[in-house]
Amino acid sequence: MNTLAALVPILPLLSFLVIGLNFRRLPKPVTSILACGSVLVSFIFSVVLFFHIKGGNPTVNVTLFEWIPAAATSLGFSFVVDPLSSLMLLIVTGVGFLIHVYSIGYMHDDEGFNRFFSYMNLFVFSMLVLVLGSNYLMMFIGWEGVGLCSYLLIGFWFKNQAYNNAAKKAFIMNRIGDLGFLLGMFILYVQFGSLDYQTVFAKASLLESGNLILTIATMLLFVGAIGKSAQIPLFTWLPDAMAGPTPVSALIHAATMVTAGVYMVARSHALYILAPATMMVIAVIGITTALFAATIAIFQNDIKKVLAYSTVSQLGYMFVGLGMGAFTGAMFHLTTHAFFKALLFLAAGSVIHAMGGEQDIRKMGGLKKALPITWLVFLAGTIAISGIPPFSGFFSKDEILLHAYEQNKVIWVLGILGSLMTAFYMFRLFYLTFAGMFRGTDKQKQHLHESPKSMTIPLIILAVLAVAGGLLNIPAVFGGSSSLNTFLSPIFGSGVEPVGEVSYGTEILLMSIAVIGSLAMIGFAWFRFVKTATIPVTDGIKRPALSNLLYHKYYIDEIYQFLIEKPVLWLSDIMHLFDVYVIDKTVNFVGNATVWLGKQSGFLQTGNIGFYLIAMVLSIVAFLVFGLMI
Amino acid sequence: MLTISLILLPLLASLILFLLKDKKGFHILALVASLAELVLGIVALFGFDKGAARNFPFDAMWIKSMGISFSFGMSGLSLLLVLLTVFLVPMIILTTFHRDNKYSSAFYGLILLMQSALVGVFTSSDGFLFYIFWEMALIPIYFICGLWGGENKIKITLKFFIYTMLGSLFMLTALIWLYIKTPAPHTFNIDTMVMVKLPLGEQFWVFLAFFLGFAIKIPVFPFHSWQPDTYTVAPAAGSMLLAGIMLKMGLYGILRFLIPSCSFTVIQFAPVVMIMAITGLLYGSVIAIKQKEIKRLIAYSSFAHVGLMTAALFALNVDALQGTIYQMISHGFNVVALFFIADIIQRRTNTLQINELGGIAKVAPRFAVFFMIVMLGSVALPLTNGFIGEFLMLVGMVQYSFYVAAIAGISIILGAVYMFWLYQRSMYGETKPVTAAFADLTSTEMWVAVPLIIIIIAMGVYPKPILEIAKPTVESILFSLKPLKEAIIPVL
Amino acid sequence: MEKYIFFTLSGLAIFSAIMVLVSKRPVHSVLYLILCFFTIAGHYIMLNAQFLAVVHIIVYAGAIMVLFLFTLMLLNLNLANELRKSILARVTAVIAGGLLLVTLVAVLKGLDASGPIMANTQIGMTTNIGKVLFNEYMFPFEAASVLFLAAMVGAVMMVKKE
Amino acid sequence: MNNVVQGLQLMPISYYISFCSILFVIGMIGVLIKRNALVIFMSIELMLNSINLLLAAFSVYHNDPAGQILVIFIMVVAAAEVAVGLSILVVTYRKNNSIDVNLLNQLKG
């Protein structure tokens, strides 16, 4: 069982090396088989591991070798497979495999085909290391490795400088988060003398709740999560990351990488429970991001941008769940989100593929006839994300809202508001792309064709998962066994599951409020975009103030530009001038001063003998007088 | 006996090369000599036993009356630095093997002379001898930069020479002061000199003199004005030697002389030095962002890295020192690789202005991959050599004081900013006419690039052996500090 | 009685020294200088340093002054146009001289001026000087002869026209 | 002639000191004032003589012949110095047709 656990991450690494080293010569089919094959095998192993864990066996620990012999302890290069990480394993390898198959078709005519798959495999490897790592340092390796791969993949078409800037921006923002994560890690190391989860959690549990050091450490770790999972304030990189190919957005910016932050918080729940202040901060940031991103998404016109902002808002929900202590709820939402968001992105990809690269929804419309399968799966995804029963989104979001309701009514209200907005902008997107008249150019019209088999099959599988995802954790109120809860309970142990306190009646009531609200919003969206077929305003025309603000993403990018980038560049100029003119000049000054001094004493050599004689006499007199003085 | 041959071999080779006067095939001779030295180094590595304080000792009385002995010996730290030198010099020589190579045999003679001086510095266990090799190392680099440098090379090299000479004079005074203070039959033996218990007043001045000498060499913040110019003006091999190995002499000096001899003042002044070093760190990184020219950007980035190393040195705990020693070695390889890349770009496009470059990745993928890996190494991405050093150093500094480490941490972000900015502007984007004909790595260049990549990754994945060798030296250095440290160091 | 002799001799010497400076034409100053040398010889005799007195007259008055006169006449330098230094230079010179005089006297005053001893000390006599000169100071004496040789060769070489 | 001054009383040394100092200073002023090289030489001679006299006085005073020996050697040096000095004077005269000391100012800083 140990070798199996070790093999899961190693396989993608091997395939990365094979493809990476001779990406010039490998023919396309060979690379695709190699890449998808390695991920598939890892998936199979993960399934085996899953059943092994489900069968009640304890966690699987594998230490490959002793990595850094630091003073306090030696940090090992070791993996652990327990319920939480095996769930993530399934998501990463499962959804990853589907996306790999999808991208064979999508990237078929791109000359960087081999390079693309080598990066994708490197990404899967780093994600697996992040998930399987048994100490924070291993997680950090995955953390930065994933950041690097997202940089490589966003800037995949590196010809276009704008894409490169987006990639650089993503990496640097991740790096800011990583700094927070690193510092949090250091505090844990200094405080508990080790970074292994077991030892850290064991020692942490001895401390009293609200302990200052723990709060700081958890806060800093959460900063890392903000950077990675694109929460306020470090979320602007995610929409720009849409510059990468669509499978990349699906894999990295929907299913796996961005959920790393959520996984990290869930993994160190033992620390977070002892730091209620951080939990509140997480909840607050989560809900604000959810609302903030939802409002922006309403007015976006690029299909991928809308989905990006919806990802940010759904991540906000996950963090609300974590903030409320509903760790299983958050993980459940993470899983379902991975399914339907990957589905939505891939469907959007096939729409873009069909439209010959066009991403502006104002130029689409009426694609139902041309792309029936994409239409169907897109609809399934949209319904799932809007939280309409019996689709998966409903169950996962509802569980989070339930916990929110028990803990803090205000957050629950905001949560409901957010999910209404989600329903609205998702269906707005759906209707604008598929319903109504086709607004694109004629050339695009002929070019419209349904995506090839290799792309539609993953879409269908994901659609099924998006629909059936809810079965994983049907709450007691519907007679379900909330199987995910039981599965994850050894990790989250007692966990914070005050479900019992709220009677079934109120639970049903809450759910119905959310559902009816969403249905109303869908109706309103239908009315607005299908009945009266209003098309969002083209860019040139003046918009009413509010929608203009939202369309320009609250001018966040410009603000960051102004607040951070400009001062740093300005500072750099100043420092450079300071360096050249002050420090350099002082050193040169010292040099020149000695030369000048030499020149000055030159005036003594007048050449006039009389002067010399007098100088001699006077100095003798001075000496004698001095002699007398002493 | 081994240390002596490690020093004499390159010395002999350089003499032969000087006499060769550009006869055919002197390149090969230089390469063979440095490879032989490499073999010797590896023999030393295998023959090294961690227990003994002083490996391969060699003692011979030199000037009896003054108590100066011709003695050598390798501690763990000096073995690692000798290995760094021994690994880097063949690569540096290999980087000069290309078609339009205008270097004469004297050039290689100077490189090998410098190698022997550097090995001498790292292995001598006699203060006087240490100073001789310290100065001896300065002379060849002066000629290398002065004769084969870039524009207005004479002025800049002279400034560098005098600046460093000034530093080493301060160091000499401190050495002599310690010499006088050694018990009756005064001796220059470093271990006895360092054991001398100086009263506080004197210790301050000795600290100041030593620190000034080493600070100029490293360089530390206010004394760095010679560094960017010299690195830019020096020929590729020159800046590799300077940045790769020479600045390690300063750090080695601190570890070998400063910390053991004036330990109390070191603890007392650790915050001051840390602030200086960290200002240098941030200062260097911020300036590097707006640099227009590759070599100057690398110079500032190396200055920033070195700032972090010096700061970690003064955190005075096992993790920090282990991290610094490890970073010394990885920084050596990274900076040599970076200068090699700058040299390749300069040779193919004969411009180093970043905005004139673009789209090289399209034309030279192998070069782009090599540049990417080296960049990741210097940006300290996990699984590269930079990360281990950086991680251990920051862990050490957190144990010293959290806020200092937090500020030093910012350099990781800034490092990523200017490195990725450099990579993007030169590698990605539209291929400019200048970079259109950018030939990919030739076989000789591959001979340098591939080993460097292997070392960067290997040191990142499996650092244990190196850290094991460095551990005894770190322990012995900190052992003398233990009683003093309890009273003073503020924690967190 | 000796006091009078001493003072007359001193007065004469100082007067002639001043005249050396003041006189317009160089010949006059040479002659005054010779006069001054004679007074100094008188002093030697007073000190009973007879050998010195004689040698002094021969060497200085005889040889050196003759050289001066010789040069004077040869190069016809006996022209009246007195080269005048600027007033400022001369005033500073005099002040410097005065200062030096004061300090010299002040410095030497500190000596333990023990009382006068009888005049007839014999050390000044030729026999005594001779004995000492050729015993302890043999080497300097020989060195002096070499010095003379060097001076002569130098003088001749310098002035010889190619 | 051997003891012509048989009964004479020696003057106290301070007289000789002041007298010789005066002579020395006069010689020195002469050197500073005069622009005529020849007179400068003469003043130097004067200074030397004043020193000789003082030396002789001290030698007699301390009853030690070394003083007088030294006087002899000073005379030797003075003679040599005058010889060389005058030849330099002749050469300078030949070069710039005058023995004015101010002309000799080529060695300038």
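Observations
Chains: A, B, C and D, in written order; residue numbering restarts at 1 for each.
Going forward, a contact is a pair of C-beta atoms (placed from the backbone, for glycine too) under 8 Å apart; a residue touches a chain by one contact, two chains touch by 3 or more.
Quantities reported herein were computed from a predicted structural model and do not represent experimental measurements.
Between C-D and A-B, more C-beta contact pairs are found at C-D. Each chain gets a centre from the mean of its Cα atoms; for chain C and chain D, those two points are 4 Å apart. Chain A and chain B, compared by their mean Cα positions, are separated by 38 Å.
Chain C has its Cα centroid 73 Å from the Cα centroid of chain B.
Taking each chain's centre as the average of its CA atoms, chain A and chain C sit 105 Å apart. Shared interface positions of chain D, i.e. residues touching 2 or more other chains, are given as 28, 32. For chain A, residues touching at least two other chains, in rising order: 610, 614, 617.
If you sketch which chains touch which, the pattern fits none of the simple shapes: not an open path, not a single ring, not a star, and not all-to-all.
If you check the complex, the residues on chain C that touch chain D are 1-3, 6, 10, 13-14, 17-18, 20-21, 26, 29-30, 33, 36-37, 40, 43-52, 55-56, 59-60, 63-64, 67-68, 71-72, 74-75, 77, 83-85, 89-90, 92-94, 96-98, 100-101, 104-105, 108-109, 111, 113, 115-121, 123-125, 128-129, 132-133, 137, 140, 144, 147-148, 150-152, 154-156, 158-159. Residues 28, 31-32, 101-102, 104-109 of chain D are the ones touching chain A in the complex. Within the complex formed with chain D, the chain A residues making contact are 601-610, 613-614, 617.
If you check the complex, the residues on chain A that touch chain C are 610, 614, 617-618, 620-621, 624-625, 627-628.
Those residues of chain B that touch chain A in the shared complex are 159, 162-163, 222, 224-226, 228, 283, 286-287, 289-291, 317-319, 322, 359, 361-362, 365, 376, 381-383, 387-388, 391-392, 394-395, 398-399, 402, 405-406, 409-410, 412-413, 416-417, 420-421, 424, 427-430, 462-464, 467-468, 471, 492.
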